[in-house]
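Sharing a structure below in structure tokens format, with a few things to ask.
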Amino acid sequence: MSHLIIAPILLPIFTALLIMLPPIHYSPMRRRWVSMVSTVILLILTVCLLLQTQAEGVSFYALGAWQPPFGIILVADIFSVSMVCLTSMLALGAICYGSAGEDEKGSFFHPLFQFQLMGINGAFLTGDLFNLFVFFEVLLIASYGLLVHAGGKNKTKAAVHYVVLNLAGSAVFLFSLGILYGTLGTLNIADMAVQVAKLPPENLMLVKSGGLLLLIVFALKAAILPLQFWLPATYSAASPPVAALFAVMTKIGIYALLRVYTTIFGEQAGPLAGMASDWLWPLGLATIMLGAIGVLASQDFRKLVANLVIISVGTLVTLVALQSSAATAAVLFYTIHSTLVCGALFLLADLIGAQRGKAGDRLVPGRRMAQPALLGTMFVVAAVAVAGLPPMSGFVGKLMILQAAGSPLQQVLLWSVVLLSSLMVLIGLSRAGSILFWRVSGNEAGPERVLPLQAFALGWLLLAAPLMVVFAGPLTELSFAAAEQMRDIQSSIAIILGDAATVGEQP
Amino acid sequence: MLENVIFLVFGMISLALLLNLWRLLIGPSLPDRILALDTMFINSIALIILYGLLMGSPLYFEAALLIAMLGFVSTVAVCKFLLRGDIIE
Amino acid sequence: MTLLWILLLPLLGSLVPVVTANWRRSACAMATAIPPAIALMILLYHSSAVFAGESLRYTLAWIPLLGLDISIRLDGLAFLFSLLILGIGLLIILYARYYLSEQDSMPRFYAYLMLFMTAMMGIVLSNNVLQLWLFWELTSISSFLLISYWWHKSEARRGARMALTVTGAGGLCLLAALLLLGQITGSYDLDVILASGAVIQQHGWYPLVLVLFLLGCFTKSAQFPFHFWLPNAMAAPTPVSAYLHSATMVKAGIFLLARFYPAMAGTDLWFLLVSITGLTTLLVGAYLALFKHDLKGLLAYSTISHLGLITLLFGMGTDLAAVAGVFHIINHATFKASLFMAAGIIDHESGSRDMRKLNGLWHFMPITATLAMVAAAAMAGVPLLNGFLSKEMFFAETLHQHLLGSLSWIIPVLATVAAIFSVAYSMRFIHDVFFNGKPKGLTKTPHEPPRYMRMPVEVLVVLCILVGVAPGYIVGDLLYAASLSVLGTAVPEYSLAIWHGLNLPLLMSVVALAGGALIYINRKHLFDFQNTLPGVDAINTFEAAMKMLAKRCQQIYSWLDNGSLQRYLVFLLMAIVVLAGLPLLQLDTLYGGRPELPVDAVNAAGAAMLLISAFATVVFHRQRVVALLMISVVGLMVSIAFTRFSAPDLALTQLSVEVVTIILLMLALFFLPHKTPKQSSPTRVIRDISLASMVGVVIGSISYAIMTRPFNTISDYFLANAKTGGGGTNVVNVILVDFRGFDTFGEIAVLGIASLGIFKLLTRIPVFKPSSDGEGRPWALERHPVLLATVSQGLLPLALMVSVFIFFRGHNLPGGGFIAGLVTAVALILQYIAHGVEWVKSRMNIEYQRVVAVGLMVALITGVASWLFNKPFLTSWFDYFDIPLLGKIELASAIAFDAGVYITVVGSTLLILASLGKMTTSHRPVHTETI
Amino acid sequence: MESLLAGCIGFLTACGVFLLLRGRTFPVVVGLTMLAYAVNLFLFSSGRLTLQGAAVLGTTDNYADPLPQALVLTAIVIGFAMTAYLVILAIRARADLGNDHVDGKLPGNENSRKESR
Amino acid sequence: MRVTPRFSWLPTPYRSVLLLVVWLLLNQSVAVVHLFFGTILALVIPLISARFRDPQPLIERPLLALRYILTVFGDIITANAQVAILILGPQRRLNPAFVRMPLDLQHDLPITILASTVSMTPGTVSADVYPCHDTQPDAGEITQRWLLIHVLNLEDEAELIATIKSRYEAPLKEIFQC
Amino acid sequence: MQNWMEWAVAFFLLLGGSFVLIGSIGLSRMPDFFMRLHGPTKATTLGMGGILLGSIFYFSLQQSISVHELLITIFLLITAPISAHMLIKTALHHQLKAIERTRGERELKQGQQQGSPDTKTAMPESKQSKES
């Protein structure tokens, strides 16, 4: 039997443990290399998994050989595996960047990083709602550890908010799990979808409150208005490779939203079908606008990037609310694009800050940079991509988003918000870029240079921006295939629970 | 008969626990409160043993044993805290 | 395929200067010119087909799902624009070679320029509207880079940002328009869209589409009121101005008007919007141009005015007007590009562009002056030059429209007025620069430019004359082909003759020339009048607006986000109340029909104690030690509740975790204040109480509703299979280590990671040791009371024995690795408490983080071991063995897994507690080489 | 009994929430601990209440639902890990920032006043 | 007085026996399996935890120790009866007191046992043993230690001290031979 | 036999319950901390003993022999005095007042020559006297 599905979870934890044990843990170089090599292997494995999934369709891995719905299963469909693949791509960039010296500014960087990968991959792959909680906690606790990496007041301060909010969020998650288990009697996501369809009417509203509590949990993780306030401080305080990795963290919330509200509360759910959309739609639009306002309000570049993350979250949430194949496809494409580009931007912010001396990444005139051409090119590529302008990946994403809008009202709202926010991002980024690169006070450049490993890391992530355009054809096909597959609940249920499981009356 | 006795003893112990809680609430001093808490720990052993009797099941014995062990450690820790501030020094 | 190369070559060309950066300047320029030159040749190769009225097409699938393909269409219009872009582009490359100084990075300039050329070629060659938009935006970006080429100059930065903002905004509007067009027509294919004019114009969205479309065009082509960015873009190097801001980019909007003419034009709305905008722009540009002292400023406003003219022509909606528009595009490109280049030469060789300083240059650079004068005359519409011809056609068309009904005469009158000003500023350009006395305050003596710097101007001026003299011969085919592709159907009869006889348009030209001269001669009065008007500085206004926008955004942001965790939490909690509470309102009754269990006095007493202690925790929360004691009772009562409701494993775990937590909190309290100051205002407290009660009510209600509902669950499977499939009778434990062992795996990972994170947090923490407790009492002197020390030593083996017992029985009875681990850990912590870190460390020197790793590794390896048997991760195995004397013994892989749990728990708990305890000792965590 | 337990859960939640909303780290920790108790009871109760039904095979014929118990066990452990982290973070924040307010700074009028210790 | 154990592989024989008993009690069985594993554990655990043990006097007179335990058990029962009466009776009649008792014992383990015994028996609670090690840099030098006792209802101080000394302290001295 | 055992169970349970209750009554009604301490440390221990014995008899009556409750008793016997000791040390450290008529308290405060650390920190003046 193939254990490829579980590899993205086990390989990182194995690596983490290996790094913590002799003989690896003695030398920083060994720790780095083991971590980097492992991440490369992870990337290869996830790509293999993606190819396999594309070829063979949805498959699942029953842990402990206990068949669903009784045991925990991992589910590989194109969407989830693509997310895992994305994570390992991002991770490779972040870990290479971290290995250029950032990792030695505190203890346990590589183990925590690998644990974080384990949590993220687990969250993407699991087909069990409680197991999702567990993996959420794994990735959260690892992120707590990583957040304070390299120390500093801002990190501690941000961490207190981040941790308390997420602890409260975990409590809500458990409340929700209690409600859903107490009414549906199962934890397997596919089985929940089956049970929701057969729900007696007196339990409907209870399930609804449980389902909507999940919305809060995921909204907090994804940073949707009004639960997004923790994000800018947290992401901008985090150590650069950590912030880069965090770029995928909000996407986990989005992914979970999508998974839960297209599968459990999907079309088969009768009165509960699409119950979250009424909330997600306005909140998503408002989140985009707030992010755009944040971009213009930001006084330093990292905050700006953090707000870009918020915009991407808002966009994705809005798409999730649309509940159509085109929208789901757009979610996947846009997620890949925005994650990699935002990750790169966090790294870039650090390099820019380092070369600008005391001014750092604050948007004030600063020292002349030592390598303005290199950093400037990277900045332009990233900025063009993130603003959704051609010829970088953002514009394909934007096209998909705009084309995904269904009704005229949706079009008017989504288009005006997305386009307006694009303009605000454009203004914000051109302002930031012109201050960072052009408002030079004094002529002396500092001694800081971009290290080869850092340049590689950044290049690796940024390369996505043009490549995703060049290969936009196959990538959009992948996205649409993933969307179709995800929305074809009947088939997935048949594969996971066997053909015997039926999902109520079909609409 | 035995069931009635058990319920009677249940009542006694519940009353004892309430008295402990009373002392815990009114204090007045911290040692008083700690003493009250320690006593509550011990009295809950009795409560759990009685549950075991009532249910005719020995499954609850470990809980009682653990309360005995852990209650002691926590009392000691709190006292140490009040004495030295630094529990582990 | 060759068509694709027309597009690809400039793109490759943008890499050439990067590669050849280290070559000599001329070589670099030459190399850069090669790709566009080849492209131009390919283009010309297709000229015969295009002039014959063919549209050449090439399509390459790219993103079919989005309707975005690489689709090229070379028709007359595209050919015309390509010719301008490539031809003038080549001249600009040559010109820039001399214009740029040694300090300027020429490769960077060329790279941007070629990128821009690619973008323009992309626009004009697109046969797919999404592709068109792609290149459209690319022009904005590349022009941003070009305008800001001298980024050290503030006006360059500002001008570039302004241009980007305005054209970027327009581009987004255009995108919306194009997408809507695609939805209306069902295709993003230009062929399809252009063929669906009727469908589009009858569609309900037509007005919206048109407005968005025109916003895109007008911003790009600097139409009033979006014209302001163009003069400020003049901070760019002059080759850029000549290329982008006269010949190409600003024409992109015009191109679009022409391109979509078949699909969008012909309605009243089109006429109203386009012609009025064009007319206004024409007038405003012409008028303002006169007052600019900066040479390039004058040319910039002149450009605005001429763009308005062309827009007006397309707005009028007649076929002949469209032809005139196309013709003027050609003419304007030639004379304006040459004028800009001439201005650049003047600037380059005299050091100034200020017409108040520049005087009498005729003496210093007669050849350049002659060229400039010819070009300016063309701009003024002097006969025998190309500008005259198209202007005549324009005048004629203004006379032939009746769109404003009885007020239609206004249009020719205003056109004449604009022409008057056009003549006036052209005269100023000639007279004020080349004559009008001697130069004032120039930093260097002007002279003729290098030979090849002037050549591009010469080429263009010759073209102006040739077209002016023999229009039919020179541009006849081109104009016909271009007009054909604009109009789509047949091209109307038009004549390119120089002389049309004495007619009203000629009179208008004469009036314009005379009036222009008159105005220029009396310019002093007009200048004085203009100076009395309040000046609007576009760039400062724009910057101020942007600053204001940023400030407003900051205000909004800080109003929403005050950085207070409490506020964030309030949002979260309100979300709970709303999202979980609202559905409850739709529930008729909470009670679900399941009979309730009876309440007895003992339970009531237990509940009372739970509630009282919880309440007391809140009441005493400012006295932290007391609160801690109170919450211990809560925990105790919860454990007892678990016992009561038949969950012994839970009770055990809850108890042990609680004790460890209490110890942890006690340890922590040493480093925290012992009292919480009173801080919350009464309103805050009331708000919090109400919010808390609401959340409590919602949660409590849901809990009740669930507990009283009948229930089907998958748990029966676990009860049925625990013994047979998992080898244990304690179903909870079998679930933990087998059915849902993966959860447990994640759970111990969490514990392990937490301990690492904690170790990390405690690393290099600034240590402070309070010398007294909260009441100012000094600490007791005795560190390790004898009785405690002695007894704790004796308890250790006892506790170890108990934990071994709990560990092994877990599979069949309450217990298990986790609880056993906590018991061991607590016993060891007791040693720390009773004897101190030094004592323990001298007896047991283990790095706990390694213990954690070993524990997790054991669990991991146990799980992976099932791969050897071709079973999924964590598949359990158990069997019974008959051993002589000892009897039947069960061995199960779950025990190994549980051992991993045990080790991890011991390691993590000790790592957490001991690290914290060690903070006050010399063994505290500091970051070292080995983690 | 169900109503009694539901009431307790609701009340514990309310107390936890109230403490969670306090401005200092320590009460917040206590509040989260309290909330965790409520959560554990809630999750446990989703399997319905059973007396004399410990899920040990062969001891009874009316077993309490074992699955929520296993879930609560996991939740307890995770909750412990998280609480521990938060507690240490609170210490770190106090050390780094000089006060134990959750926002790292004392609100408005308290800025001038020294923290009482 | 003997401090070092007779066999290094069996540092604390009585404790090992106790551990075996505990194991059997825990398992509620004297089956061979449990005896077997109990013995192994009773041997291994003391070896592991031996490091966590400061040198203490060893029991020299096990039978006497057994008798001591029985005495104390009996006393506990009477003590509780007495205390119960005192608690339930009128408080005005109680004469609480702090009593200091000079100790003949010098070593930690016997003192601990004595103090515990005092706490368990009629109306007395051990409050403190002083001077403590921490205040005396060289613990071996302590000549005289005191036991501070709180008495719920003191009738005669001298008699109380004498009783404790004869009933508990003397046997302990005998048991540990110190 | 059965009946006899049942009586024994009932007796021990009642005995234990009463002592537990008495111990807690002592805790709640005694006038000062030191006197409150006596109830819980002693009465409760015996009370627990009683209940545990009752339990032993009960389960022995139900099934095979059940004696593991003894462990808890042993454990409590070992730990209760230590808890009490730590508590009283804390109380002395906190200078809790004993009721007026407590004998020896004055001597406790004055006669610190032997230097009990807790009482010493409680009385700085005695420290001075020692030094002088």
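Which chain is which? They are A, B, C, D, E and F, in the order written, and residues in each are numbered from 1.
By our rule, contacts are C-beta pairs under 8 Å (C-beta built on N, C-alpha and C of every residue); 3 or more make two chains touch, one makes a residue touch a chain.
Given the structure is predicted, the values throughout are model-derived calculations rather than measurements.
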- Reaching chain D from chain B through chains that touch each other, fewest steps: 1
- Item | Chain at maximum distance from chain B, centres defined as averaged CA atoms | C
- Inter-centroid spacing, chain F versus chain C (mean Cα positions, whole Å): 70
- Would you mind pulling out the distance in Å between where the CA atoms of chain B average out and where those of chain E do? 23
- Note on the structure: dist(centroid_CA(chain B), centroid_CA(chain C)) in Å evaluates to 61
- Message: With centres defined as the mean C-alpha position, give me the chain A-chain C separation in Å.
- Response: 16
- Note on the structure: Touching two or more other chains in chain B are residues 15, 17, 30, 34, 55-56, 59, 65, 69, 76, 80, 82-83
- Task: Find every residue in chain F that makes contact with two or more other chains and list them.
- Result: 18, 23, 25, 37, 45, 66, 68, 71, 75, 78-82, 85-86, 88-89, 93-94, 117-118
- Message: Show the residues in chain D shared as contacts by 2 or more other chains, in ascending order.
- Response: 20, 25, 38, 42, 45-48, 51-52, 54, 56, 67, 71, 74, 78-79, 81-83, 85, 89-90, 92, 96, 102-103
- Message: According to the definition already given, which pairs of chains are in contact?
- Response: A-C, A-D, B-C, B-D, B-F, C-D, C-E, C-F, E-F
- Which chain C residues qualify as touching chain E in the complex? 781-787, 789-791, 793-794, 796-798, 800-802, 804-805, 831, 840, 843-844, 885-887, 889
- Note on the structure: In the complex, chain D touches chain A at residues 20, 25, 28, 32, 35-36, 38-39, 42-43, 45-48, 67-68, 71, 74-75, 78-79, 81-83, 85-86, 89-90, 92-93, 96-97, 102-104
- Can you name the residues of chain C that touch chain F in the complex? 777-782, 785, 787-788, 791, 794-795, 798
- Query: Given the complex with chain C, which residues does chain E contribute to the contact?
  - Reply: 15, 18-19, 22-23, 26-27, 31-33, 36, 41-42, 45-46, 48-49, 51-54, 56, 108-109, 111-112, 115-116, 126, 129, 132-135
- Of chain B, residues touching chain D in the complex: 55-57, 59
